[in-house]
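Chains: A, B, C and D, in written order; residue numbering restarts at 1 for each.
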């Protein structure tokens, strides 16, 4: 019971309402397709939230009950309130795992955690992507072979403006001649972050078994530890006895600010 | 001539005006003491800027003419305008070096580039600090021996909430029983970032020759490369001919968004 | 059942036979004290092996049945056969976890995996060590507070000649004025490596509950994944059709070497 | 004068003697082609050394006078003496830069410094390689655009069994469907290591201007610092006064081993 991972899948949920081609692939939204896949794992307890809900579906109670958050956004990054982004960031720093998918590279939350622009080159031409497994011993690639192949995807190419990852997990090859660091991990505060590239809304990527497996693995990997000592800038007493001070300092220099 | 590094030293410059003990140590401000030391290096062209100047002394012309920026702030981080912070961040991402000193760990610009809270434990008790040189082969430690010793400093202790550094340069030992990652480097976009711990305003730290040497080395290390290809999210043509597509996709799926 | 981790604890087992002071602390050897502590974890299946056994107790069958190997050695590193070291290294590269303790920093296997000299400064003076928890969100520090304190230990000081770790877990403070990166992780091939500093033979360090907890956590963390695709330098057919070649190359250039 | 970098280019120099196709491309050997290109840089002082010379041309005097060593080997890795490899490794650890080219991934020296098998997949089919510049702000990519294109090269594909690099510099795209981390840096001891993939002997790769530029940049980048404090495992006196010890330890516990 205590082993259950509380997962919230957040989706912008706009393309699915306005674009019939997308609606055909994800009739109930990308979040629902992901939820159906992840609910099959008895250790994952799935909820969903979307942009147009109150507080984007991410009020304090929801966030405090989320162990791992998945994020898909694209055309409405700017509509996500800064206040919610701040809260999500603080929750990551205190341990919540975060999985950012595809066009989420330009979301406020991802850019804020990375500190860089997260820009990349791109092309929408239904081309072939092959994600090479660079980290076969990593939990995120369990059950995945030497590569994952997707027949039709949007191209994302380097240079991807991200800080050097803790670990690089996948590198993509694209038919049109580009490469991309398509799976990578970082730590921010006590939280784990995984970026996973595939998932343009006009292709059935989240129905792919390998893609589902990678995301499921990532949910397990990103699960927070339970007993994290907190330490927010305490003014502390010395653990050892201090020497006598021979010099005179300003008040600030002796007793603090 | 083209080798000259244009350095701007930014200082909050408040303690020096209000606290006589600080004023005695830095009569013209911390920035001026640093400037005097760094001007001795013929390859460094020094300017200064302070919080209370117009646009904090960091207007676009100044930023565009800055190769490396040093940042010292403490009691007035909140007074730095978000707009200027955004501009400084973008300048770092496009290549400007940034050296953050001491209490600058809590500055808006450092937290923004790190993506974490940058919190730490602290104590103001004029105690001894010994900075161990962990990276003797790194440009930043050239001319520095096995450690730098400071008789009186504020204590900063772990856990320092920062992303894993690209490289750890110094680890501090404190008399009262703590340790601290007191010198560390990161890359953000095309810019180099160095955090260096020492320099509480009530002690004469920036008059110390070793501390001056580390900062001078860091200025040289953080100097940007000159010819950086820019690549801000271009929508690009394929470099290779693409295969015929057998499936039909939504408009978005073929011709872009 | 399938979740069980097969752990082998390897110990040089010499000091315990020749030095009465050590014998008093570890009457059946350091490996036995560690084994007693780790056997309490129902998910760990413990075996031990020592230097003076045939093939140092690490024949192929033992190695092939080991998920995680703990290594303690000190005065007889040179007596470990290169052939066994080679086999241990290959087993790590194919996924076995390795936990190197204390003076094992100079073992053949650790130096081989690191590629550097792994030298450090040291002093034997029963002084106080405080290991600061730098990675409170990491599996290895679960259940550990802000630091672990050991009243009497050998001092190890920087610079520790190791490659930049994947993640730094502990930094030690020593009474005599030094610091040390006392817990750190690396990946080699598919295997995880953890170095943990404490454990000089003349102090009761491995009876300490926190030290035992860290080692137990590390055993779980270092457990290998089960399904790792192997890929040892295959000469492979193209996945995509290649273009016609217009130039003529040497035979080697067309058909391989 | 003191700025001059003493470079030694080491080449196996066997294919050029036995294979007419290779001889046509590199009549005086790969080392000579590289030397001609690098000698044009007034700050680089070039020497060469080859396998069949006495001590492989790398006696102590040569090594002690080498700031940066380039290594190309392929069919005769096993003929390089372990004694010389040990000396090269120690020289790297004390600060010498090392640039390993192409099939040098399987050289004794590279495997020893990495600690892993350095295996990869490969194919000899004169196919197109495009090296994407992942680190446009890095000294090694100065003067290089968004990518380097080579019309005909041997394919090297992932997974490349290397430790996570300090920094990833290039990722290659291959016509046949693979990707490869084709430029990467590591630090070992005080020395910098750069691996650069291109350069199969049957193609004119080292005549390519971009490839020459990358190697020239790497020579400058890998240059050692001049004043590195040495610290090889000293037994040291405390820097601070130690507390009285209340317990009794074995002799070893008080006075050392």
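The rule we apply is simple: a contact is a pair of C-beta atoms (placed from the backbone, for glycine too) under 8 Å apart; a residue touches a chain by one contact, two chains touch by 3 or more.
Chain by chain, the UniProt names read as follows: A, B, C, D = ThuA domain-containing protein.
If you're wondering where the values come from, they're calculated on a predicted model, not measured in any experiment.
Participant: Hey, what chains does chain A share as contacts with chain B?
Facilitator: Both chain A and chain B are touched by C, D, going by the contact rule given at the top.
Participant: Going by C-alpha centroids, which chain is farthest from chain B? Tell me that one.
Facilitator: It is C whose centre lies farthest from that of chain B.
Participant: Starting from the mean Cα coordinates of chain C and chain D, work out the distance between those two points in Å.
Facilitator: The computed centroid separation for chain C versus chain D comes out at 27 Å.
Participant: Just give me the whole-number Å value for how far the CA centre of chain B lies from that of chain D.
Facilitator: Result: the chain centres lie 31 Å from each other.
Participant: For chain B and chain C, let me know how many angstrom lie between their CA-based centres, rounded off.
Facilitator: 35
Participant: Any chance you could list the residues of chain D touching two or more other chains?
Facilitator: 130, 133, 136, 146, 157, 159, 164, 166-167, 175, 177-178, 187, 189, 231, 239-240
Participant: Which of line, ring, star, complete and other names the graph you get from chains that touch?
Facilitator: Contact pattern: complete, every chain touching every other.
Participant: Please output the residues of chain D touching chain C within their complex, sorted ascending.
Facilitator: Residues of chain D touching chain C: 15, 19-22, 24, 75, 89, 93, 112-117, 119-128, 151-152, 155, 157, 159, 161, 163-164, 166, 175-178, 186-189, 200-203, 231-240, 242-243, 245, 247, 249-257.
Participant: Residues of chain C touching chain B in their complex?
Facilitator: 130, 132-134, 136, 146, 157-159, 164, 167-168, 171-174, 177-179, 181
Participant: Residue numbers of chain C touching chain A in their complex, please.
Facilitator: Going through chain C, the ones touching chain A are 95, 130, 133, 136-139, 142-146, 166-167, 175, 187, 189-192, 224-229, 231, 239-240.
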